[in-house]
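Chain naming follows the written order as A, B and C, and within any one chain the residues start at number 1.
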Amino acid sequence: MTERLSPPSLSRRHLLIATPAAATAALATTAGLRPARGAGSPNDGGDITFLIDSLGGTWIPNNSAISSFQGHIWGHVTDKLIYVDADGKISPWIAERWEQNDTATAFTLHLKQGVTFSDGTPLDAPAVVANLDIWYAGRRNEGINPIGLFPKTYDHAEAVDAATVKVFFKVPTLGFIPTLGYHGSILISPKTIARPAARQANLGKTSGSGPYLVDSWKEGDFVRLVRRKDYNWGPPAVGHTGPAFLDSITYKLVAEQSLRVSAVQSGQADIGYSPPPLELQSLKEAGFTVATPRYLGFVNGWAINTKLAPFDDVRVRQALQAAINRQEIIDTVYTPDWKLAESFIQSNVPGATDHRELLAYDPARAEKLLDAAGWTKGAGGIRWKDGKPLSLTLHANPYLATSKAVGELSAQQLGRIGWKVAIRAYDVVTFGEKVRFNSPTVPAYEVTRSFIDAGTVASILTDANNGEDWFGLGESDPKINELRDRIAGAGSARVRDPLLDELQKYVLEQGYFIPLTQIVQRIYVQNPKLKGEVYNGIAYASYYTATKSTA
Amino acid sequence: MRNAYRAYAAKRLVQAVVVILLAYVLTFVVVSILPGDPITSVLRDPQNGFTEAEIQEIVAAQGLDKPIPVQLWTSLCHFLTGDLGLSMRSSRPVATLIAEVLPSTLVLASAGLAVALLLAAALGYGSQFLPKRFGQGFLRGFPALFLSVPNFVIGLVLIHLFGFQFGFFRVLDPDSVRATFFAAIALGIPVSAQIAEVLIANLDHESRQEYAAVARGRGLGPTRLFVRHLLKPSSLPVVTVIALTIGELLGGSLITETVFGRTGIGSLVQRSATSHDLPVLQAVVSLAAVVFVLVNLIADLVYPLLDPRVKLIGDHRPRPAGADESAADTSGAVTP
Amino acid sequence: MTVALPSSAWRVTAASRLAVLRVPPAVALSFAVIALVIAWSIVPGLFTSFDPVNGVPADKLLGPSAAHWFGTDHLGRDLYTRVVYGTASSVESALIAVSIGVAAGGLIGLLAGFLGGWVDVVLARLVDVLLAIPSFLLAVIIVTALGFDTINVAIATGLSAVAVFARVMRAEVIKIRQATFVEASFLLGGSRWHILSRHVLPNASRSVLTLAVLRFGLSILVIASLAFLGYGDPPPASDWGLLISIGKNYLKWPWLVYAPAFVTIATVLSINRISRWLRQTA
């Protein structure tokens, strides 16, 4: 049963504004902010349907904001304090400007004035404080989680006046401002935040300040968003700040990959999410727009657990690095839209450097390394040492649809030099339970992870400061420890970038991380009539600026 | 006689309640073996960046670390008071979730049953009156064929032929009348096979009876003969089979809904199973058990009233002629 | 039959032999299909020279041709080869499922029917519970609990069929126990186990066996359905259901669905036909 929502406070005045004449008048007042299209042009208005493979689990904002699926809806229903574009560049949004003290322990945010949530509550300093508090702490006994990536060094925030917020940290926290542009940091009305978890889970009752609001929804089926006519505070970086152009966006769940594609091809829908990569070429030839934005983050690859034999031997890890034919993966499983990995972080991340020479396909070198390490070929072409076969168990990453196919292909490549590879697949829940970094049953963890700031990379590689210890090294590799500490202490990009370069080179040389390809986790196939969408730093499409031609 | 009937009814009722409660407990036990739950799974999403210590702390705060018997007792107490609890996946009330999707599944299941009955009746009629040279034998092979085709294959073929090639229905609007019709075909075909097998066996049995020959001798047309003299006596055992296919319809809807992209009980089960959402699974299993038990209870209670020959001991509903209990299953194992 | 043609003398004798055994041609064809399927599962290498796991990536998604009867898949592997090599696992898992159903269900039914009394009451309720949960729903929940793997899918399918076998076995045992020859044996002082093994089991097993053959075909379908929903083995396994499930992602290349679907349907249809023939001759 669909939950239909009446617009908040459906007063006579609101109804009047909805009439065409009044709407034109309302548009005229904001005309200065709009691009040349102007009111009444055929490009204003229109409805689009977005086909998605899942709509995730809960809609409690804190618990769902980072979801790959729900992020699409939150991106239209809510705003953020900071905007981060596809190149990782930070720009103002609800926070018009900000300052920090010399030690990076106190920040002052100056908010845009006149912004309101869709329930009428002003988005002012107290509202921002309420959001910061729940991002940091959640309400754990109620089932409202904190935002995992929000700085754990947060102390408190206070509203200086209606438009100024001061935020205090226990220790220097340079990453605070970029975090505000990350997908977890969505601004929600304090009225919604105050509700208990079970009521926050009802998406239809949640108010954000975004250019769209939820008109109706049904769990596991669809979410229909309609334009908010009084929206006037878009991020200046996208070149438009007034109300959105499209009247409505319907996110419809269609689990079958092939159905999503066929529906877009037959004109029944405007955007299909996650089509099979192999169909992209023919879709392009048929005139459809195909978008494969890369997010800022790690490339798709394996973090090797150095605690597990035989991966405690650097020669074995280096052999693995040389035995993967990355070009063949792109040619077979993907299309030329996918880029070769140049490092273990995506090449569009500020600070990423090109280390392709360390990732060249060289089976002869791999075989030599394995021979040297004492792994000799036995029956069936498998290599053995001390009565044990050279084996590797891969766990297909359930968050990446192509993971099984890539795993199968790399298993074939490794099989050619005598590696016995097994693949296991789990559902998302079991994967979360059984497959973790540095677990005794997981020699290679397949990474698919985004981040906003490359500075955070070094700190999660070891176990210091609650790091995730990706390679099972602990504190045992002094070189990594040294780089980690120097990167954390670097005051500017000029000092930090050479250190990041050194870290990338070292991690790849040691075979700690085996990159496969640069990751495109979000793929969009789009009707060519729809234009002007914008992709942010986490590769989400925003249709706030998009228009649909009727011709 | 009346008292005997009351005692019989009371006994059946108690049995029904016991069965439903046991189904609830069984689901709890099976799902509890699973590692993990939707709440921890969200926390473990690598994008979330929680450390193991933080995850343990949050899990403990929500009482998910309590021993399993304690959790079962709490959940059973809530169930007995009619409280189905909150979904662990979406944090919304389970009753709301089921209420949202139930109508869609009921529509699909009834349409599927209607398709199955019509098909079975058509096959039954053809099996008696289609001349041999027009392929009566061929027609009689249909139930076996229908039983051999996976219903997801039927669904895929229907979608691609009628949804995309011919554009008979909008694939994105699976709840529309047309789309429901095609989904009902995919769901109904395998079910029709079971009903048709039993029906044909019983029709064969009845048409060998003397009165059928007499009726034929009187010059009764095939349709009137079929409806008046053959279908009626054959329908009682068929009703038994229909009661037993209810579960089949539910199970089939799980796949049909996935293939056609419908949002119903089936898709709810699939989502809940993959995310190990215990409260929802328990509620759906209990619901299915309630439906199954009710349908069979009604049949059990009505039969003795209709047919005095049915003795009030045990479950002695009239079985399809010759068809043994395996008809309960999918097979329609008929030995005329 | 083409009796008039001298060249068909062998066929005539073959046909008349079949007639003596009273095997209808459709049943003979069914046996041939099953024989081929069994051969595929035992010696797949005899039927194809391609590798089921390692393909030629450059040859991906080719249409059916003389070289590739069923075309090639998304990694350039010969689909016919994948089907042939996937047979063993598909057949094996259905066998496991049926064995579990027969063993567990048969035992429950035997005990309930033969011992009667409170044992019967308790077991009957247990069977009622299993019957009340739609078997496919039960299978989905069990396989989620056991983990995604074809053997687990087989176990789940088998467990969900226990109730059916238990019911049939119980009904048969009760029927036979009341038969005159068994009662006579009781009167002659035969021990319980003697009666059970000499009279009840052999007579009851006939209808259980017929049901088992039928369930075997059905199990192939249920296992394929579970694989279709994504509960099967991880790659590079090529069970028929998995192949259909993978193929549905590439519907622009429809043979990826239709070829394995056709093989599945032909196999199940043959089994059903044989099962019906067994019932009729029994």
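Methods note: contacts are C-beta pairs under 8 Å (C-beta built on N, C-alpha and C of every residue); 3 or more make two chains touch, one makes a residue touch a chain.
Since we're looking at a predicted model, the values are computed, not measured.
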Exercise. Taking each chain's centre as the mean of its CA atoms, which one is farthest from the centre of chain C?
Worked result: A
Problem set entry | Of A-B and A-C, whichever chain pair has more C-beta contact pairs | A-B
Seminar exercise, completed: Here the gap between chain B and chain C, centre to centre from mean Cα coordinates and rounded to Å, is 22
Problem set entry | Computed distance of Cα centres, chain B from chain A, in Å | 41
Exercise. Using the average of all C-alpha atoms in each chain as its centre, how far is it in Å between chain A and chain C?
Worked result: 45
Exercise. Which chain B residues sit where two or more other chains touch them?
Worked result: 34, 160, 258, 274, 276
Exercise. Mind pulling the chain C residues that touch 2 or more other chains?
Worked result: 144, 248, 251
For this session: Among the residues of chain A, pick out those that touch two or more other chains and give their numbers.
Result: 256, 262, 427, 430
Problem set entry | Touching residues (chain side chain A, partner chain B) in the complex | 1, 49, 51, 57-60, 63, 66-68, 138, 140-141, 143, 145-146, 148-149, 197-198, 200-202, 218-221, 252-256, 259, 262-263, 266, 268-269, 399, 427-430, 432-434, 436, 447-450, 466, 468
For this session: Give every residue of chain C touching chain B within the complex, in rising order.
Result: 26, 125-126, 128-129, 131-137, 140-142, 144-145, 161, 164, 167-168, 171-172, 207, 210-211, 214-215, 217-218, 221, 224-225, 228-229, 241, 244, 248, 251, 254, 257, 261, 264-265, 268-269, 272-273, 276, 279-280, 282
Exercise. Which bits of chain A are touching chain C when the two form their complex?
Worked result: 256-258, 262, 276, 278-279, 282, 328, 331-333, 396, 404-405, 407-409, 411-412, 415, 423-427, 430
Seminar exercise, completed: Contacts from chain B onto chain C in the complex sit at residues 15, 18-20, 22-23, 26-27, 30-31, 33-34, 141, 144-145, 147-153, 156, 160, 247-248, 250-252, 254-255, 258, 269-270, 273-274, 276, 281, 284-285, 288-289, 292-293, 324-326, 328-331, 333-335
Exercise. Which residues of chain B touch chain A in the complex?
Worked result: 34-51, 53-54, 57-58, 61-62, 86, 89-93, 97, 99-101, 103, 159-160, 164, 167, 170-172, 258-259, 261, 263, 267-268, 271, 274-276
